[in-house]
Amino acid sequence: MHHSIEVSHLSFSYSDGHPALHDVSLSIAPCEKVALVGPNGAGKSTLILHLNGILSGKGQVKVCSLDVNEKNVSRVRAMVGLVFQAPDDQLFSPTVYDDVAFGPLYQGLPKAEVDQRVVDALQAVGMSEYARRVSHHLSLGEKKRIAIATVLSMQPEILILDEPTAGLDPRARRSLIHLLNDLPITMLVSTHDLLMVHELFPRMVIMDEGQVVADGETIELMKDRALLEAHGLEKPF
Amino acid sequence: MHFSPAPMHIPDGFLSILVSVVMWILSIFAIGYSLKRVSQDIGERQVPLMGVLAAAIFAGQMLNFAVAGGTSGHLMGAAIATILLGPWAAVLVMTSVVSIQALIFQDGGLLALGANIFNMAIVGVAVSYVTYQLVYRLSGKRPWGIFAGGFLAAWLSIVITALGVGLQLALSGTSPANIAIPAMAAIHAIIGIGEGLITTGVLAFVYATRPDLITRQEAPPSKAGVVWVVGLLLAVALAILSPLASSRPDGLEWVAEQKGFLDTAQGTVYNIIPDYVLPGVSNEAIATVLAGILGIILVLGVAMGIGYLRRHRQQASDQ
Amino acid sequence: MHVHFLDPYRPRSSPVHALDPRLKLVLTLGFILTTALVPPGAWPVYILLLAIVLSVEIISDLGVGTVLKRSALALPFVLAAVPILFTIPGTALWSIQIGPWELVLSAAGLERFASIAAKSWISVQAAIILASSTPFPELLAAMRAIRIPRLLVAIFSLMWRYLFVLVDEALRLLRARASRSGRSDQPGLKTGGSLAWRGRVAGGMAGNLFLRAYERSERIYMAMLARGYDGEIRKEPLPRLGPGGWLLLGVGLSVYLILLVVSLIL
């Protein structure tokens, strides 16, 4: 079966020697929606950075059957839509339009297609009227949506989000959850928001100390209070 | 850690003591005056603002973009600091950047720091300020003036700073003038384009988000006269310097002339480097090009001076 | 994400590390000045200076290899002095024909070039030792002690504090851009956009960084006000230098003077 993401025995240590990932294996099939949970320092962000080639460690990482290596990294980045936690780091163009257009423009697509993709991406996140706005002045919730649009315009195979609901007020959070629910795309989300996980993500992967300690159905794993607490998580209800 | 875009930070050992000391003295005066002015203008706010923005310029120098075949363009930052903060604060900010680069990262020497500060924090800022104000006013304070002014200010700040470096190396006897100066100018005329591009990008972003930060820094009309004078002085100084680049005899030629070794038919040991630096291009040509650029600056300066005087007379007659 | 790699300070328990920062600063600057004043060609003195700096590296436990590796930073600039090899008159050592020109390498040129390279290399090692053996706050105190204006030192201090934060932000901006820089599978497309566009994007990133820094500085100012800041930076001065310190200073400066005189005689 063609997997969207296939990680095999991935290990990684930072240059100061700090080991971050130890023998991590993970597969995500097309159209799956998977949540990655675990305490801070578990290696979730480190793992995610391997998925679009920003970091590279020992072991194998494949995206849509393409090895993530120097040769393919350009193609991989077009296929993996990575949304970081802090939108301020990702919105670096004067207008919303410019930011959402960056991906397609970089790929060299003709202007007409770029325009269309921007329109589609903004519509998918419910921010169609914001194209001419200045991203700097928007609220956190709005910025997070725009940040998602900036990768959707690349029409990636998989959407990866790092802490999408962090810092959002209840209304913005609800809005974002609706948005993620409606997006028909393979999704991997790293989060502390277990209520959202329970609502949106049928599959959950628990990481701790650089290793995968559990990988299975969310409903089942959520029943195991001991497991959750052993890895710095709290049963959400 | 090397994020500096171009060979502008002079290490220790390359400048003569005389040049180093003179540069230190000039820099100290300029920094002292800038401290006074900034204290007056923004008082106690200055420490957090200057400090954080100096950190931002340092960090901003890491934001590169691919130019060609593995090389990349970076920001030096004098122009953008000047446009956003005004000249006095920009001097302090750039001084901080250059000093920390030297002290902690050995990007530039400690004795040579005076010269490096003079080049990047003082000349770079002065050139940026004058150029930007000139172009902005020439545009009638219209938006395009901000971007054209920013581009030109950035480009010139790099080129003129580079000329300064070349001149200092030449005066120290480290590099012959007729190689160092044109070489620095030529290389940085190209590198300066990168600085210009990034600077306009920054201005575009800031203009869209906080245009007040840009327009705040207009020189008040009463100071405009100073701007013209400084600009014209700079242009005149450069005009004087450019023949230096082309006709200053390098040691070999001088000795050869002295000892009558100009006759190459003798098969002498001394082979004089001919009067050109690049194949097919004579020093005269380089001087001409330099003169051309200076001529443009001079004409601009005169034009703006006339424009200013006319407006001033207009205002006077309106009263 | 931590950018500690930027900070050259390496804590060690060496006498050099324990030395008063004011002494270190003055001795380092004196050393570099001495090196600069030594005339070209006074090789014995250069060797002595190199010996001094290498010994300090060993005493400081920083590792000669590490310091030497860092010192390679200053090397590329040496290219600027290469023409000197051919333009200073003197005994010819070697010549090469390039097109219509003949470049003659002279002994005097070689001596001059080598002296510049030696001075540069020795000086940068001294600067590396200073930065690697002295925590930055101590360097700031040393700067105040040699009468650098307090306001300027305060600006350095805040710059240092926020350097790592902002470098972190810059790195994240670079990551964000890299993550959206992909290649389409449609054939015949030019990846990367035009040079002007790339420059503008980099500018936008810088603008984003500056703007956030500017607004952050306003928050910092508020926090400082809340803690009673009134424009004056008051810091506890370093304890007075003890007799041992003055002795070391005297010895150091004397050694420099002697080396200088010797080099002038040679």
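The first chain written gets the first letter, and so on, giving A, B and C; residue counts start at 1 in each chain.
Definition applied: contacts are C-beta pairs under 8 Å (C-beta built on N, C-alpha and C of every residue); 3 or more make two chains touch, one makes a residue touch a chain.
Note that the coordinates shown come from a computational prediction; the quantities given were computed from them, not determined experimentally.
K.L.:
Any chance you could name the chains that touch subunit B and subunit C both?
P.N.:
Intersection of subunit B and subunit C contact lists gives A.
K.L.:
Count the touching C-beta pairs: is A-B or A-C ahead?
P.N.:
The comparison resolves to A-C.
K.L.:
With chain centres set to the mean of the C-alpha atoms, which chain is at the far end from subunit A?
P.N.:
B
K.L.:
State, to the nearest whole Å, the distance from the C-alpha centre of subunit B to the C-alpha centre of subunit C.
P.N.:
That pair's centroid distance is 22 Å.
K.L.:
Once you find the CA centre of subunit A and the CA centre of subunit B, what distance in Å lies between them?
P.N.:
A distance of 45 Å separates the two centres.
K.L.:
CA centre of subunit A versus CA centre of subunit C: separation in Å?
P.N.:
That pair's centroid distance is 40 Å.
K.L.:
Which subunit C residues reach two or more other chains?
P.N.:
Residues 5, 169, 173, 192, 201, 204-205, 207-208, 211.
K.L.:
Using the touch rule from the top of the page, what residues of subunit A touch 2 or more other chains?
P.N.:
As it turns out, subunit A has residues touching two or more other chains at 92-94, 136.
K.L.:
Would you pick out the residues of subunit B that each touch at least 2 other chains?
P.N.:
204-205, 209-210
K.L.:
Would you pull the subunit A residues touching subunit C in the complex into a rising list?
P.N.:
Within the complex, subunit A touches subunit C at residues 15-16, 49, 52, 54, 74-80, 82, 84, 86, 88-94, 98, 102-103, 105-109, 136, 150-151, 154.
K.L.:
What part of subunit A is in contact with subunit B in the complex they form?
P.N.:
Those in contact with subunit B are residues 92-95, 134, 136-137.
K.L.:
Sort out for me which residues of subunit C touch subunit B in the complex.
P.N.:
Per the touch definition, subunit C meets subunit B at residues 5-8, 28-29, 32-33, 35-37, 70-71, 73-74, 76-77, 79-81, 83-84, 86-89, 92, 95, 99-104, 112, 116-124, 127-128, 130-131, 136, 139, 149, 151-152, 154-163, 165-167, 169-171, 173-174, 192, 195-196, 198-211, 213-214, 216-218, 220-221, 224, 229-231, 233.
K.L.:
Please name which positions on subunit B make contact with subunit A in the complex.
P.N.:
Residues 204-205, 207-210.
K.L.:
Across the complex, what residues on subunit C touch subunit A?
P.N.:
Touch list, subunit C to subunit A: 4-5, 169, 172-173, 175-186, 189-193, 197, 201, 204-205, 207-208, 211-212.
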